[in-house]
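Written out below as structure tokens is the structure these notes cover.
Per-chain numbering from 1; labels A, B, C, D, E and F assigned in written order.
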Amino acid sequence: MSKNKTVYFCAGWFTDKQNKAYNEAMEAIKANPTVDVENSYVPLQHQYKGLRVDEHPELLEDREWAAATYNGDRVGVQTSDVIMAVYIPDEEDIGMGIELGMARALGKYNLIVIPDDEWGKPINLMTFGAGDNFIKLSELKDYDFNKPSFNFYDGAVY
Amino acid sequence: MSKNKTVYFCAGWFTDKQNKAYNEAMEAIKANPTVDVENSYVPLQHQYKGLRVDEHPELLEDREWAAATYNGDRVGVQTSDVIMAVYIPDEEDIGMGIELGMARALGKYNLIVIPDDEWGKPINLMTFGAGDNFIKLSELKDYDFNKPSFNFYDGAVY
Amino acid sequence: MSKNKTVYFCAGWFTDKQNKAYNEAMEAIKANPTVDVENSYVPLQHQYKGLRVDEHPELLEDREWAAATYNGDRVGVQTSDVIMAVYIPDEEDIGMGIELGMARALGKYNLIVIPDDEWGKPINLMTFGAGDNFIKLSELKDYDFNKPSFNFYDGAVY
Amino acid sequence: MSKNKTVYFCAGWFTDKQNKAYNEAMEAIKANPTVDVENSYVPLQHQYKGLRVDEHPELLEDREWAAATYNGDRVGVQTSDVIMAVYIPDEEDIGMGIELGMARALGKYNLIVIPDDEWGKPINLMTFGAGDNFIKLSELKDYDFNKPSFNFYDGAVY
Amino acid sequence: MSKNKTVYFCAGWFTDKQNKAYNEAMEAIKANPTVDVENSYVPLQHQYKGLRVDEHPELLEDREWAAATYNGDRVGVQTSDVIMAVYIPDEEDIGMGIELGMARALGKYNLIVIPDDEWGKPINLMTFGAGDNFIKLSELKDYDFNKPSFNFYDGAVY
Amino acid sequence: MSKNKTVYFCAGWFTDKQNKAYNEAMEAIKANPTVDVENSYVPLQHQYKGLRVDEHPELLEDREWAAATYNGDRVGVQTSDVIMAVYIPDEEDIGMGIELGMARALGKYNLIVIPDDEWGKPINLMTFGAGDNFIKLSELKDYDFNKPSFNFYDGAVY
């Protein structure tokens, strides 16, 4: 019976590329025996009171909703074993950045997963430094989350 | 004789909007007696060996350059009193996010400065939560950096 | 075979209300399959050399005893998955506060458990902010410690 | 011209003993040339929108007010050089505890100031450990905030 | 089926004493059912690209190799449950010190293991303070890693 | 009137090389207008009750003395602006390592100062990574402590 790890599922759901990568990454971790998907943290499932701002635009200026949803994501970062970022080099996202930065300063492990056809494209310098390892999306289903190790991004940095 | 604070000058220099805001913010802190501009950290002035990747594309895959420049920015965040982000809501930047996230977990003060004509536009939920205060660019020259306080963003969050 | 989490059992044992809540909370986590009670940290079981100050008043001014017992509790906070505070709103305790504050800055999960008949009473503003979730004591035996999430206190704050 | 330090003025204002100590401590730091009182953080002056819950009981359940006021105090702890707790041994306060615990984990200096006629009385074990130094209130006006050093509490611990 | 913990195996391999203790400690944790040896982090197995500087002296001045190997060890410290230092009092090592210091500030558990015939010899004052517990090498195979607790070093400190 | 910074003066006093470097470094910072020597933390001046273990061997096993002296140094690291290590490559010291490791995780700036005739000699890999900048002792008197920046060690790493 294998051990496994929880992940903070850090991924956008706003563009086609993001949605495609989101779904493929979700399938990959479900197939990966070293990930505890059931107890992992998926931000989209933790919007305060179950309300999403894209479906409820009246939340745009509701500070109670914003504060609670932000704190939900903060708790997700703090209580997960691994911050896993599904990363599209030319659609970088500031929210993902804040999560990676927090995670790094708190001593979490930051794993950056890049779709195969985006691999090698230039990424932001700060992601290069805040990431602890970088893999292709096709490698995700076999990645051993129980053996975190370090490597540089094998691609360009701007 | 007034006290003053050092800032980590966190701002993009890639688009017209960014450049305009960058220059205005720089002028504002020079005019602000509570900022110690001379000893503040401006990332653009700390590229490893003085080389910029936009002028030296051969650096794109040079890991020594990337690691050193990243570490320069990390040191800037750690040694400055305030992380000041010149923030364009519709041109959010992941590198800025990583700096804000790190700063928050280390206990630094995150000040978000938004150009007046962008004020109120939706910002990322994580910036809403990681920011300690939000002001308009026109307020920057008179902002008292010696009296950091908290406030919510007075605008939309997505 | 279910996963489970260790808790730092943060609770007073000085008043009748505290003792009653202490015992009920202990029974609840024993009945909760998502808690690893055996490996959880109960401060009362980690007094230095097995000596309790309430039974050995000569320890009141013994700095070696005090330093070691304090460090024991610090280690308990650092090595447990969850800081679980059994919280009586009108008998708040500064020691519990220090543990919650440390835990928050280190990125631990703070769960505040309030006896049902005390629920809704005013709690300190800092507990409101340092707590990651708030539940009734009757909910403790069924609370899923493997799925930490955020919520505000559903009661008053002073 | 002397250097000076900012303090987070951590003190209760709810009982007679607290108010007396509060006022004496405030006078003492005003007389102390190593404290920058003007730029210090006094929580009572940073209630969200200037509203105090003791004067506006309708705020008791207002989460926006509570979240903002909590964050104000968090910012105060993070941005001050020293956390100065005006400490009444038999009126310990959980909010002060959370501030001391956070401050310790973030690497701030915790100075515990005890009224002379309370000196030596038993204090909580966690304060003993989280405090970096302990002085009498009568010593405060001459304490050198520029030379922080460590000492144990010279009194009882329970 | 017992729970177990991962360790960061912090030990020198440069002198006879170190090698002997290294091997004995490795055997002990393999025999200890509360240690997950398979997923533990052994720095010697994570030299960048599998290259060791003692076998490849050309790496002495290779910054990419140095930065990556350092980051590997940093990741090991951050992702392991326990930092276990195999400690020879008269052959103290600065690298081990940096790992223990980082671990302490991040809230990890530092276990110092000393060969039986070295037990009691003077150790550095900072190790005394940064260590959370101290045991003899002969006790390692039976030590319960699931029940971390605090104790002072039972020997001399210089 | 120039700003200046406090340093934690991290240096051994046990060998001839160390004593020589210690004295030269002390002279250099006294001559450096960007260092606030008066308010800097020199561990040798903060031994608990003014007692040094090299002069009072009975302290070797006195835990109150050890705990207080350790905490003094911890406070020194936490409250100084810069951790300045006077570093002899072939006489590395574990206590210095613990201070550098703590400082790094807390976000302090680590400056490594190496005597000119030792410059370039191999240093420990962890110092390479935990150090933020490396300078020669002859450069110390002119180093601008108000402008902390990053650089790699320009020498060998083992």
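FYI, a contact is a pair of C-beta atoms (placed from the backbone, for glycine too) under 8 Å apart; a residue touches a chain by one contact, two chains touch by 3 or more.
If you're wondering where the values come from, they're calculated on a predicted model, not measured in any experiment.
J.: Applying the touch definition from the top, give me the chains sitting in contact with each of chain B and chain C.
T.: The shared contacts of chain B and chain C, listed by label, come to A, D, E, F.
J.: Counting contact pairs by residue number and requiring over half to coincide, which of C-F, A-B or B-D is equivalent to C-E?
T.: It is B-D that repeats the C-E interface.
J.: Go ahead and align chain B to its copy chain D using Cα positions, then give the rotation in degrees, nearest 5.
T.: 120
J.: Averaging over Cα atoms per chain, report the distance between chain A and chain D in Å.
T.: 39
J.: So how far apart, in whole Å, are chain C and chain D when each is placed at the average of its C-alpha atoms?
T.: About 24 Å separates the centre of chain C from that of chain D.
J.: Where the CA atoms of chain B average out and where those of chain F average out, how many Å apart are those spots?
T.: Roughly 31 Å, centre to centre.
J.: Please output the residue numbers of chain C that touch at least 2 other chains, ranges allowed.
T.: In chain C, the residues touching two or more other chains are 1, 63-64, 67, 71, 74, 105-108, 152.
J.: Viewed as a graph of touching chains, is the assembly arranged as a line, ring, star, complete set, or other?
T.: Contact map by chain: other.
J.: Under the stated touch criterion, can you name all the chain pairs that qualify?
T.: So, checking each combination of chains, I get A-B, A-C, A-D, A-E, B-D, B-E, B-F, C-D, C-E, C-F, D-F, E-F as the touching pairs.
J.: What part of chain D is in contact with chain C in the complex they form?
T.: Going through chain D, the ones touching chain C are 53-54, 60-61, 63, 66-67, 69-71, 73-74, 92-106, 122, 124-130, 152, 155-158.
J.: Could you please specify the touching residues of chain D with respect to chain F in the complex?
T.: Its residues touching chain F are 1, 3, 81, 106-109, 132, 146-152.
J.: In their complex, what parts of chain C are in touch with chain E?
T.: 1, 36, 38-39, 46, 64, 68, 71-72, 74-75, 78-79, 106-108
J.: Residue numbers of chain C touching chain F in their complex, please.
T.: Within the complex, chain C touches chain F at residues 63-64, 67.
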